[in-house]
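After this come two complexes, each holding subunit A, first together with subunit B and then together with subunit C.
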Partner chain A sequence: MSAEHTQRLAPFSRGQCIVLGCLAAAPLLERVIPSLQLSSPLRTVIVFAIMALGLNIVVGWTGLLNLGIAAFAAIGAYTFGILTCETYPFQVGFWWGILLAGIVGAFAGWLLGAPTLRLRGDYLAIVTLGFGEIVQDGLKNLEVITKGTQGINPLPAPSFFGTVLTSENNVQWFYLYLAILVVIVWLMRNLEFSRLGRQWFAVREDELAARCMAICPDKTKLKAFAAGAAMAALSGALGASLLSSTGEPSNYDFQISILALCIVIVGGIGSITGVLLGAIVMVGLNVVVLPNIAESLQRNGIGSTSNVFSAPNNYKFLIFGLALVLMMRYRPDGLIQTKKAVRS
Partner chain B sequence: MSAATTFTNTASTSANTGATPLLEIKGIVAGYGRVEVLHQISLTVNQGEIVSLIGGNGAGKSTTLMCISGILALRGGEIHFAQQRIDGTRADKLVARGLVQVPEGRRIFPRMTVLENLMMGAYCRNDRAGIAADLEKVYALFDILKLRSTQLGGTLSGGEQQMLAIGRAIMSKPQLLMMDEPSMGIAPLLVTKIFEAVRALNQEGLTILLVEQNARAALRLSHRGYVLETGRVVLADESKRLLVDPRVLESYLGE
Partner chain C sequence: MTDTEVFLQQVIYGLSNGMIIALVALGYTMVYGIVELINFAHGDVFTLGGFVALTIVGTLGAAAILDPATLGDASNWWLLVGLVLACGVFCGVLNAAIDRIVYKPLRRAPKLTQLVAAIGVSFILVNIALFWGGTPMKVFGGGSAAAASKDFPELLEGSNLLGEESNVVLRLEDVSVFLITIPLMIGLTLFVRKTRLGRGMRATAQNPVGAQLMGIDTDRVISATFIIGGFLAGAASVMWSLYNNTISFQMGFRAGMDAFTAAVLGGIGSLPGAMVGGLLIGVIRAMSDQYIETRWTNVVVFSVLILILVFRPSGLLGMKQREKV
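Let's look at the complex of A and B:
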């Protein structure tokens, strides 16, 4: 009985190994088919996977609907920008930049969490939605610090053992981001089975019952908010480094929050493997599949970007919508189903 | 009001000479919004006793429990547990001190397995050996839980869920176990089984405060009882005397 608790936890589940392994093998496929663009766009997939994993803590594990996760990505990106950009006095470098972005993100998450503890369901969703808008407007209008709609640039690429990666080193860059993702997945898996993880599940299942088990729901929710926000901020910083710019504040709008939520839901709410798969499917379609199809069509002289109907990118939302409808009909619990919900 | 006070006093003087009070509630007042639900309720639970709290719908039974377990704030009065004042202490802190509630309507974690549910009960404990021993104790008490240990909590029947809720509370190593309507919506056969388990737990020394609408079953099980009516204690006596009290017979035992 207690064997389950004394048994050592394997560092990764089988599903996680398969998904991460497939990601790691992607650049090899690029070798086989040289025209394929994989490692470069897959970095974006990883960035979104990290954001969605953060959202999964809040939505999937603690059961709090957060529609403003993009705001934390923005906070992370701008923190990274201010701390690393050469036009600012700090210039702490890539690694300190992403670390501090995560910490500032956690603090921001805690700040949003504190006044909203009493809210649940729709009401919490509305407040987080508002928070997302406020952060965007704040960044836009704090021109002195954030440079308004220009965005902060240039931003440093990751450096590794003294070598600074450039756009030539896409494959190394990809593997570096993948390594960060692997560390995060490992952390998440340990969190899932930790005392804190149990606390989150208990609060999600039944707040009153959790209280009867000596769990303080308020503290538990705050920790979930902070952890989720920290991961989203980290993803924002990684994304900013990828673009060498924070981009303008409206890059972190409601659509990004919804995309992150779709990743969690399509992948399988609460499941780490599911969220990874969700990111690959949802973001991969956008940045890997469609551009590659477009390119090969163009190379073979079939389609052209000037023709609205023959450009695969224009079918993006159609495919998205269809995929969501079909998912809800045939796999309502997501690609990877965690323990099936029974009687709410 | 004056009648109520006299009854409380006679009960506490006649029935409990020499017993040490584990839980003492002194004139608590509480309510929701503008409505005052409890008007100066006083009651005592002594070490090793089963005390039942009976009364009709809206009498304030569950509210009393919510006040004791720290979920609802008091507007007046005091609550003492193990000689320490506890009103104003956060609910989750009280659990660690041994004041554990089995909430009304079972409230198990439906998407956790039976074993995971039980382990949640031991959340505030660190003694591995003690936890393992208590787990065996729970399985001995409710053998069905052992059979279903890998099943999700939500797939259990109502009665099994109630057993799980009680088992989970025992895993917190309570000094005082408070149960809110353990018989509600459960097949009579399982109610008997649950009440037998409650008696067995008490014989091992666990003090129990039982809130019940099923007055007859509760009074047969308990040592002493309090009758609540619209937020006041109207009767307090030994259970065997309450069982034959004409006022109780008429109002709650349907005779």
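Let's look at the complex of A and C:
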């Protein structure tokens, strides 16, 4: 037993403290510069951070490529919708809703993973991609249950000790989501150094060697898959509560899966701090920077909706694509490199 | 229409679409056979082929070389062949350039790194197609709605070759798909079987290091593979645009997934497998459209893909010691 293992684990690493602290301080910046609207888009950043942390378990820690993580977010969002919307008979409320969404998500991950996890890496990637498309089309076509392209609405906002948050309580809402994120980061950090976490790393590094150490790769992978799916489903539920609607099924398309993958890869594959940073950079670009550029262009009369080149939103694919290609070429371990990745 | 006629009609649709899917699938399977990479960007190379075709047609139309009154004229046959060649060459060169710039430096990297890079390229190409849709040309709707689907003009006459009183419709377009794709497939098979470069490809697919030791320039072989795969995708894009009369910047995603499913169904790495798989997927799609519901067709295709991968990952024609490329 090395000293490292007997040592008590600090609840958060230094990097995590810095990133979470910066997030917590963001609404203060809003006070200083009132024109800056931060707490509302930052809630979206948190939702994507949770999804990407789930994907990080699968891609970063276990080394399986999942291209259909958005499907699990969709499953979570629709579970939350069906369980909480007033037009359905359940109406379990926000907290039970997100909890059950996570559980249903884990079950869905287990259901997809059980038969397919034996497949080779690139084949598994394609299966998860196909699953993403099946879930989207399934949700769209099962109108009786899911209301098709309308989406399920209205959905409840979080309630906290009897107070229900409304759209005016953006800051409180942000801090509530931040608190959920902090709890998840704490859980993830403990998971990373737990027996299960080390089993995931072992399977990622060398499946045969892991098997020799009496680790069953199939079971280990399945746990990673289910855990990742549960987190994605939770993020889907949180996102649906934010919009007060599940949105239409095509909101959970391949682009969203790729956005989550970009977050993990750009931030630093396998690193919790990296994923948080990646979420701030990529989603911030998506929901804060690009809309702001578009708005300022419009205000100055440069941006016209008729010209495809002048809308910043049209560069999204290009930016994602370049980010993936350049990262793979020059820094395949991401902005924040984990010690393990450097060693291998 | 009797049941038999409905069935026959769907078979015609299915086989025509299947031939096009097979052409795209060949590109996936050849590249996979040689470098073991799922070339995710292949479908989007196909998309750009469609945009090149529409640009050429639009330019010819604007220059009054292409007269709308001559639809079904013999001259349009040559135009069609010219389009297939032009788009084929464009996509072939593009595909090889992508390989040189993006994939080649990553050749020794883990497979997932290469796959993620390929997804990145795919997104870049989608964005290029989106911008291309904003071209201020008449055929692109003046370029104001870049993201909208573009109509692809009917180049060939639309009358029924089986006679106007027949319920089963066989148009010149259906026939042209076969007239273009079958020679391409025969040519490809002969190329791989008979030529020196083709032998080099088969050797590289079996064992790249061994092939290199035997004096085969594997870099050249890989480039040739990407050029041929791209050429077939370009040819397929012309046929697809003509057959469906519409193109959009995202069409490569669905077409690519269908083609990849076909390649896996036939046994990835196997040329006859890709052809059979393409035809099967085309027919499955057509039958699902008719006998289940159009909106469930994608679910059916993806379910087929998952079931094959789970129960028979080597595909229908793939063997354990499979003949790749």
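Simple rule for what comes next: the second predicted complex is superposed on the first by the 297 of 344 C-alpha atoms of A that agree within 3 Å, B and C clash if a C-alpha of one lies under 4 Å from a C-alpha of the other, contacts with A are read in each partner's own complex, and residues count from 1 in each chain.
Just so we're on the same page, contacts are C-beta pairs under 8 Å (C-beta built on N, C-alpha and C of every residue); 3 or more make two chains touch, one makes a residue touch a chain.
Keep in mind it's a predicted model, so treat the numbers as computed, not measured.
Asks: First (subunit B), second (subunit C), both or neither: which does A:Glu205 touch?
Replies: It touches subunit B, and subunit C stays clear.
Asks: Per the contact definition in the header, classify A:Asp137: touching subunit B only (first), subunit C only (second), both, or neither.
Replies: Only subunit C is touched by A:Asp137; subunit B is not.
Asks: In the overlay, answer first, second, both or neither for which of subunit B and subunit C A:Val164 touches.
Replies: neither
Asks: Name the contact category of A:Ile33: first (subunit B only), second (subunit C only), both, or neither.
Replies: Neither partner.
Asks: In this superposed model, does subunit C or subunit B come into contact with more residues of subunit A?
Replies: After superposition, C is the partner touching more of subunit A.
Asks: Which holds for A:Ala25: it touches subunit B only (first), subunit C only (second), both, or neither?
Replies: In the superposed model, A:Ala25 contacts neither subunit B nor subunit C.
Asks: Name the contact category of A:Ala125: first (subunit B only), second (subunit C only), both, or neither.
Replies: Touch status of A:Ala125: second partner only.
Asks: If we overlay the two complexes on their shared chain A, which of subunit B and subunit C does A:Leu318 touch? Say first, second, both or neither.
Replies: Only subunit C; A:Leu318 stays clear of subunit B.
Asks: Check the residue A:Ile258 against both partner chains and state whether it touches subunit B (first), subunit C (second), both, or neither.
Replies: After superposition on chain A, A:Ile258 lies in contact with subunit C alone.
Asks: Touching subunit B in one complex and subunit C in the other: list those residues of subunit A.
Replies: Correct list for subunit A: none, the interfaces share no residue.
Asks: Show me the residue ranges of subunit B that touch subunit A in the complex, using the header's touch definition.
Replies: Going through subunit B, the ones touching subunit A are 69, 71, 90-93, 95-96, 100-103, 107-112, 115-116, 119-121, 123-124, 128, 131-132, 135-136, 149, 152, 154-155, 168-169, 172.
Asks: Looking at the complex, which residues from subunit A come into contact with subunit C?
Replies: 63, 65, 67, 115-116, 119-123, 125-127, 129-131, 133-134, 137-138, 140-141, 254, 258, 261, 265, 306-309, 314-318, 320-325, 328-329, 332
Asks: Quick check on the complex: what are the subunit A residues that touch subunit B?
Replies: 1-2, 4-6, 195, 198-199, 201-202, 205-206, 208-216, 338-344
Asks: For the complex, give me every residue of subunit C touching subunit A.
Replies: 38, 102, 105-106, 109, 111-117, 119-128, 130-131, 133-134, 143-144, 146-147, 253, 257, 260, 264, 293, 295-296, 298-299, 302-303, 305-306, 309-310, 313
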